[in-house]
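Below: a set of structures, written as structure tokens.
Across the two complexes that follow, subunit A remains constant while its partner is subunit B and subsequently subunit C.
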Partner chain A sequence: MSLLVDLVLVVLILMAAVWTILVRDRRDAVIAFIVLGLLLSLVWMRLYAVDVALTEAAVGGGATGLVLLRACARLLPVEAEGRLPGPGTQIAAGLLSALAAAGLAAVVLHPPVPYPSLAALAAENIHTVGLGNPVTAVLLAYRSLDTLLEKVVLVLALIGVWALTPDAFWGGAPGSLRARHASGALDLLARVLPPFGVLVSIYLVWNGADHPGGTFQGGTVLAAMWLLVMMAGLRDPPGISLKLLRRLVVFGPAVFIAVGFAGIWMSGWFLSYPPDYAKPIIVAVEAALVLSIAVILGLLVAGPAAEPPKR
Partner chain B sequence: MNLLLDSFTVVAVTAGLVFFLAGTVGLLRFPDALTRLHALTKADNLGLGLIVLGLLPQVPDVVSALKLIAIWVLVQFAGTSASQLIAQFVRRNEPGP
Partner chain C sequence: MNAPTLYGLCAAALVGIGLFGLILHPTPLRKVISFNLVGCGTFLFFGVAARRGAGAGFAGDPVPQALVITGIVVAFAATAVAVALILRMLEAGVATMDSRPEPPDDLSP
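Up next, the complex of A and B:
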């Protein structure tokens, strides 16, 4: 019975993937990609990787899809619609893709025996960081340097987007995200849903210590609430020179780095936590990161400034 | 007592699935966007509602039950708003009577 479910899922995913490639319209391709992300999150659920499933649904399907949709709307219709590349290019692209797929298949289908895994070690030492969720322990304790750099990359991505701002608009606000036609339904949704979204976001982060959930999922939900408010036109995106905004962007990574250096002083290594205080420190870092992730994701979707700064 | 609760779950979840099936058939078979939306919302509201209702006797504590109900309410709210938005889009783009 569960085999049937898995087979149906696999077929649906292949269909969504092929649809993403074959469809000619950019926006349709992005919508197909969002569907693919949601289906993939179901696969992660089937593999009992609930943390990954949550991230895939929130980031892979939701946030990335929204960024791509905005990019579609922003791009000029430069591509020659309906004109296909020559047969040589098509065959070369097909062959290279097949080669990459074959390489991946070889790796996945013939893993070394015994499979190299640190899972046992991770589970064995989890008590030293005071957490119950091994995924959070890996992300914020064992491999915290990776997580720190990942957050710094987010800040760099935002700087990259802001760098696209024309000189005249520097310091101004990104273009309004407001829907072209006012809608009572959207307005109501944007007024009623955010308190619940904020609650869900806090729940995801707090719960992430011992159960599936975590910073990135919580931050994405928070960003989604902000974007909903901006799309309903209740608030417009703030100017990118706003001091508070920029401080929020770097707040999470800055706290993380400060905790890292404090680790040298308290227990001898960069980013090491004193065992007695590991959990409170990790939760504090997560709380700071959630705010930054939410603000960065919201600003990434809003895009570069599109209005001259207000004097 | 357990048998009674279990049979309630089976009946309610099955009824919910029937609504999902009907909603899907409607989505595929109905002639235009508004009637298709009508079919979809039945699956969302009644289908999910009956499944949640059916699962309630199976949860270990009150908090889990409240979470299930919260999921149903949130899906209701989001689904209704999305349907409204799609319907408004359809109405704007169709030629007036």
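Up next, the complex of A and C:
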């Protein structure tokens, strides 16, 4: 019975994936991709990975979908659909892709015995960091270097996007995210939802230490609230040369790096936490990161500056 | 067959479908979407690995789960940069991957 649910999910996912590739209109492809992201977050629930399900729904479906939809809107009048390759190339591509998929399927069907797992090690040491959620423990303690570098990647991505600003617009604001047609529902939502969104975001971060949730999920919810306000037209995106904005972008990663170096002084290694204070330090780092993540995500969706600077 | 194996096969299919789309579509935005499909499939493999590695009281190995969270975030950042590049390319007048100045004779197959 429970396998039936999984089977239905898999069929739906494959349909969404095929639709994403084959549909003619690029906007339909993006919508199919968003549907796929939401279906995948259900799969993550079925695989008992609630933290990943939250991230997938928020980022994989939501934020990525938003970026792609915005691109569609701007590409719509200009970009040609382009010509598909000839039937020979199509068949060859199909065969090679099928071969790659078959190879991966073979790996899935013949797993090593016993299956490699770090769960035991993660469980053994979790008391040293005082956290209840093993995923947060991996993200912010065992593999905190990965998480630190991930934040650096986010900052670099933002620099990359900003670097694409045309010279005339440098220092200006990204194009307005305002919906073309005023919508009463959107306006109402953008006024009513943000306080609750902020609350949910704080809850996710605070609770993420011991239960599913965490910095990234909280930051995404916060970013979503900001984007909602911008899309309803209540606020326009800020100019990219704004000092406060730039400080917020680097604040989280800077705190994380500072804590990393403090680790050398306190307990001997970069990014190591003194055992008795591990949890408060981790929660403080998360609180700092959440602000930066929200600002960076919002700005990544908004894109490079598209208006000349005001002054 | 159990659920993780089923999802593993689904992940393999997603990667295959994504690769096909990546080769098939000439327009950059469709390529980015296809590449994201490959990414989704890859992430799902981590989910399967996590579920199969369940133990020590956890329903899934937390290490691959944490890696996927990092992965999803990095994939989003890369997509945002790619989309910004595509839009900039468009402003520079390049609309598709094969819309360079046409050679006098169409030599493409």
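In this section, the second predicted complex is superposed on the first by the 303 of 311 C-alpha atoms of A that agree within 3 Å, B and C clash if a C-alpha of one lies under 4 Å from a C-alpha of the other, contacts with A are read in each partner's own complex, and residues count from 1 in each chain.
Throughout what follows, a residue touches a chain if its C-beta (ideal position, glycine included) is under 8 Å from a C-beta of that chain, and two chains touch if they have at least 3 such contacts.
All values derive from a computational prediction rather than experimental measurement.
After superposition on the shared chain, subunit A has more residues touched by C, the comparison being subunit B against subunit C. Of the two partner chains placed around the shared chain by superposition, subunit C is the only one that A:Val43 touches, whereas subunit B remains out of contact.
In the superposed pair of complexes, A:Leu188 makes contact with subunit B only, with no contact to subunit C.
Of the two partner chains, subunit B is the only one touched by A:Phe196; subunit C is not. Contacts of A:Ala224 after superposition on the shared chain: neither subunit B nor subunit C is touched. In the superposition on chain A, the residues of subunit A contacted by subunit B and by subunit C do not overlap at all. Subunit C makes touch with subunit A in their complex at residues 1-21, 23-27, 29-30, 32-34, 36-37, 40-41, 43-45, 47-63, 65-70, 72-81, 83-88, 90-91, 95-99, 109.
Per the touch definition, subunit A reaches subunit B in the complex via residues 181, 183-186, 188-189, 192-193, 196.
Within the complex, the subunit A residues that touch subunit C are 2-3, 6-7, 10, 13-14, 17-18, 20-21, 26, 29-30, 33, 36-37, 40, 43-44, 46-49, 51-52, 55-56, 59-60, 63-64, 67-68, 70-72, 74-75, 78-86, 88-90, 93-94, 96-98, 100-102, 104-105, 108-109, 111, 115-120, 122-124, 134-135, 137-139, 142-143, 146-147, 150, 153-154, 156-157, 160-161, 164, 166, 214, 216, 297, 300-301, 303-304. If you check the complex, the residues on subunit B that touch subunit A are 74, 77-78, 80-81, 84-85, 88, 92.
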